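Next up: some structures, all given as structure tokens.
Common to both upcoming complexes is chain A, partnered first by chain B, then by chain C.
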Partner chain A sequence: MADITLIAAPVLGGFNHEFSNCTLAERSDIALISVAVPRDGDTALSTKLDTAWTLTMPTPSTTTQANGMRAIPLTADQFLLAFHPDTNRTEVSVQDDLAEVGYTTVQTDAWVILELSGEGATSALERICPLDLAPDAFPTGSAARTVMEHLGAMIVRVDNTRFWLMSARSSAMSFLHAVETSCRWTAS
Partner chain B sequence: MNQPNRVDGGQIDRATTLKFQFNERWLTAHPGDTLASALLANGVRLVGRSFKYHRPRGIFSAGSEEPNALVQLHKGAALEPNTRATTVEVFDGLYATSQNHRGSLEHDFLAVNDLLSPLLSAGFYYKTFMWPRAFWEKVYEPVIRSAAGLGRLSGKPDPDEYDHGYLHCDVLIIGAGPAGLAAALAAGRAGARVILADEDFRMGGRLNGETYDVGGIAGADWARSAVTELTSMNNVRMMARTTVYGAYDHGIYGALERMTDHRADSGDKPRHVLWRVYSKRAILCAGATERSMAFGNNDRPGVMLAGAVRTYVNRFGVAPGRKVAVFTNNNDGLRTADDLRAKGVDISAVIDARKGEFVVNTTGRKGLKSVQLNTGRKIETDCLAVSGGWSPNVHLSSHHRGRPTWREDIAGFVPGGELPPGMTVVGAAAGTLTLASTLSEAHETATRIAMDLGKSRATGEAPKARDEDFSTAPIWHINEGKNRAWVDLQNDVTTKDVTQSHREGFRSVEHLKRYTTLGMATDQGKTSNMLGLAVMAEASGKTIPETGTTIFRPPYSPVPIGAFAGRARGKNFRPTRLTPSHAWASESGASFVETGAWLRAEWYTRPGEKGWRDSVDREVKATRTAVGICDVTTLGKIDIQGRDAAEFLNKIYANAFLKLPVGKVRYGLMLREDGTVYDDGTTARLSDTHFVMTTTTANAVLVFRNLEFARQCLWPDLDVHLISTTDAWAQFSVAGPKSRALMQKVVDDLDLSNDAFPFMSCAACTVFGGTSARLFRISFSGELAYEIAVPARYGDAMIRAMMAAGEEFNLTPYGTEALGVMRIEKGHVAGNELNGQTDARMIGLDKMVSRKKDFIGAALLDRPEQTREDGLQLVGLRPVDANVNLTAGAHFLSPGDPEDMAHDQGWMTSVAYSPELGHSIGLGFLKRGRDRHGETLRSFSPIRGQDVMVEVCSPHHIDPEGERQRG
Partner chain C sequence: MIINHPLLGPRDATEFVYLGDASMIERPNGFGEDVADAMYEYVYLRDNPAGEHRELWYHEQGDRSWLVVTRNTLTHEITEVALARDVARSKGRSK
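Moving on, here comes the complex of A and B:
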């Protein structure tokens, strides 16, 4: 079937909308690989992350970032690596890099990532996110798993006024509706 | 004349005039007015009818404690009944009507109830309408229901939007009167994160209604400057129009913010936001509510609380009457006369109960005309300002069941018992009823709390004021005269009702409340509870603290149900999960069914098909004869990795998994601890340390949760790791005799011959020239079948490509109904059979259960109930008369047996029409079923009225040897 090639499609069609005080956009350019830490394998994995990308392991509530690679905590012994895939760094290559030191699973398609940015981002999040997002309570680099409008979600503070909101791909439309509604209702 | 009762001053914008309607009459107001102040300004005194007796009622208070002035706002679907006019901000175009009258407000036919009042005393409905019995449902109840209630609902869906939200703070300050403002200034200056919430649209509380000085300026001006300073602080959130209605666990408070009620157009924004406020500390500065005294006919329009009269004069620039009398038992009430005189209002009398003078009766049907004193003196007046003292607003302090305690010096209850953790009460709410003390107490308390929280910045000095002269005589009820004296204006409860309930044995205050309805409804007894308690104490010969008090519960004031619901209405009631092929399925005529949160295609309608059966039969036939495709992405998928992953699975499943070869798939049975089957599925081994488990759609989350529990708690020493990949892969079942030919066309460079890729094989592969994929040779339909998975981002492209590739094979999409038909034909169990009572023996899989290893459920496999000889076993059923459609849920009876549970032999779990066999078929559980193939039974369904004969057969209605799926 050489005449047919499958084309990848972002689950929200590349949604991007500017509200009066914030911008909401689907990030379909991020690859996600989960890395589970083998039992008694922390040191080997840490060393590999350091040598490969000068990246340190994330803490339970804080992401780490280096050389275009961001580590986002998932569970006690598992985290996500988020990066822009390109010809030199692919899902496969990252998995290969970690093959001996961690258990990896491609998670790119398991999640939808919404990037919410702008001065009004926290006002919009007040309507759906139960977490305290004040800068001293949830500073840049923080990450947490939570629930938004009945959906399991993860929130990462990428910058002072920029957040990644991650939830399951299958309910992406509902998740978008929830966040978009918050943006619309808190827009001036 | 426009607004004839306006006087000078007030915090209203006189430069702007607003127009609003009350009972279809256009009136004018100014920004800053409430509906109540605007009505009074326009000389409207009669605004509603009372609950039970339909007596004319006017405006009684100036806040959320209002029991009388309930009106309906808006029209059509937006109609909102039972709204307190004292809390409604007037805006241009506001439409309001009075409520609870038959005929006009002025001429209410149901005012006849007042004449029947001797028959309608407390609890009358418990004692009357007992005979004849049949009349209750057909006559009495409909009539009472028709007459009862206040406003009317529109009966249409609420057109407004509501939202929820979450806030966090160091200090939540509840109430922005003098105490709240002083506390907020101290905490805010100290650097604490402060939320200051007040139910009013103008912060300042009593300072706006009084003429006190604070810091050398008028109290209202000080309040305005405090609000300005607080608004400028980044660490302070000012929330006017926000009622903190409940204190919950762990420092969490519920707050309702009215976002757009004061606007003619909501601008497509939610009307209310229901906030969940997480606080480290809370300072309750809720103030106090003035109460009345009970005397004859004390409910006429024009009888008002004295503090409210001052508020109307000082804050709104409105004189509630032209000739006002004051009736008070305290010094605070006397201030009313001074404030009114200062505005040029005539004072007809000041009646001080402490001097032995009492009002015993009033006249004026639709508005007060005169009051009668115990001395016989009659005073002409159109407004009587009554002050019976102040009751601290302790409500939120008792939401965790802390019982208020009595303070004799203020004749009122103050917060007592155990307060909600983190709460401190200051100011009038704590019984500190004078201004200077309130300000210093609030300032010092907030400073201390801020220091406790590690905030050390200077908080400045407490605002300076004078403590006003305040003393109250505990005078509650004027006994002289035979006229009815109202305790609870909202529920038409009189002193006689209270004493009568006591006579009838209702000794507990809680019983009094429920028997008389005292303290219920929109005002929750804010002006009546104390009075009722005092009258009851008097009747029982006890003191008030001996008599007790009621415990307050949330909400402090009414919260619309819509606000509790928030966005969760209609299609947004819960999230929806969509499969990767959803858009294509929609375009292809799919009808969708909810399976949990998922929307799955149940069948695809083709032109000319007259019903779902046509579609399903066609899909089954096409799959059985050629090839069909079904999106099975919804099945749970769990990536299981680790050195001990195989051992882990061997402990999870009832059957062996330790030696499953790489590249193979195995059906697995998962048991609960009690040995009951709770899920089944397949698990594929991709490498020595890597497995992919498939679960049922319904149990995907449960299985993951149980695996995680087992991993973390049961066997923490195992090196095993889990992550869900359900959403990561778009997975399609491709089934039918031509499936191999199709898949050979789709899959790149993989030999799919039966020898190279036999039944229960799996492999990583690519499809359509390079897209990574996983291929499993497994079958739920019983046909030669595969499941092909691609990353979800390719799911839409994959189904379209598959349909194009499958055209030559007559590839047919099928939905969950056809899937169900084929699994019943094949005898595969699903949710109907795995109902939480089923063990492996019942479904014929006992031989699969390993006796050589330990696994979850092993210990309780052989309980007596599970090993009994006449146990239920899965069988197939077919109707003796092939034209009969079987009924799921029907019970099996031997011919001639009575239809009772003693003779019950089992039940039909699943039924379907089999297009291949040409008749209805079923699966069911039957006692000793496997030994009874060929036997004829009754299938009896009293619910559906079916009683037919069925023949017991193998559950494998088609291909019992499995030749198709292995072929």
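Moving on, here comes the complex of A and C:
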């Protein structure tokens, strides 16, 4: 039998490209865990988030972050926890932390995360993102689910000119193509 | 057409998918009396007035929530948008 060794690789091969006014890069260093709130379990879950990471529950349109943890709202009573996994904080340890207070699923391999940054990021997004991204309508820390080029996507404004664009990993190449095309056409 | 989502604010109607009349929330008890008549009425009979309708819309290109949208079919004016979950709960449903 052939001796096969499996090697972990990012879905877009660590794509990173600098355009004239923005940079588009795959983020493959982030672990994602979805957390669903049990019925009538809001208080227990938010207390646990607070004691474990001093993290507060996200609102339907705003992320929260503390101690390297970012909570991104998905829908009512459900959110994603995003963090850099290391020896002290792994997908398993975070699931263990929340075992009694929330329903968790590891989703790291279900998403692709593109980070779009730079002065031209907003113009690139205006071409494909149907949402109003004006700073007063979508300030830093905002998150929303929408559609870009027919693909379900989530957008998070992590900084004024820095966005995370998240979509299904199964269509990651198509998503990258759409965003990359937009960057190319709006690069001055 | 803009649907003012109760949690997310105004979103374009193209993000939503229409399912049908909001009376679908009130599914009759499948083990109750007169279940055949009740199910017949539930599945097939609808009022179809020219004017105000209460409809189920699904935010497919958003947070995947179900909404009850009150819409006037003559003017397309939307007068009320509520989470279907809240509407169901207000009718004494458990979820």
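One rule holds for everything that comes next: the second predicted complex is superposed on the first by the 183 of 188 C-alpha atoms of A that agree within 3 Å, B and C clash if a C-alpha of one lies under 4 Å from a C-alpha of the other, contacts with A are read in each partner's own complex, and residues count from 1 in each chain.
Everything below uses one rule, namely that a residue touches a chain if its C-beta (ideal position, glycine included) is under 8 Å from a C-beta of that chain, and two chains touch if they have at least 3 such contacts.
For clarity, every value in this text was computed on a predicted model and none was experimentally measured.
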item	value
Touched partner set for A:Ser61, first chain B, second chain C, both or neither	second
Partner contacting more residues of chain A (chain B vs chain C)	B
First, second, both or neither for A:Glu180, with chain B first and chain C second	neither
Partner chain in contact with A:Val147 - chain B first, chain C second, else both or neither	second
Partner chain(s) touched by A:Thr105 [first = chain B, second = chain C, both, neither]	first
Which of chain B and chain C A:Leu6 touches, first, second, both or neither	first
Chain B versus chain C as contact partner of A:Pro130, first or second or both or neither	both
Chain A positions touched by chain B in one structure and by chain C in the second	74, 130
Interface residues, chain C side, partner chain A - complex	7-9, 12, 14-15, 61-65, 83, 85
Complex contacts: residues of chain A adjacent to chain C	60-61, 73-76, 130, 144-147, 152
Footprint of chain A on chain B - complex, ascending	161, 163-168, 193, 268-270, 273, 276, 278, 567-568, 572, 574-579, 597-598, 633, 639, 641-643, 689-690, 717-719, 721, 723-729, 745-746, 767-771, 790-794, 796-798, 801, 804-805
Chain B partner contacts - residues on chain A that touch it in the complex	1-2, 4-11, 28, 34, 36-40, 74, 77-78, 103, 105-111, 126-132, 134, 137, 149-151, 168-175, 177-178, 181-182, 184-185
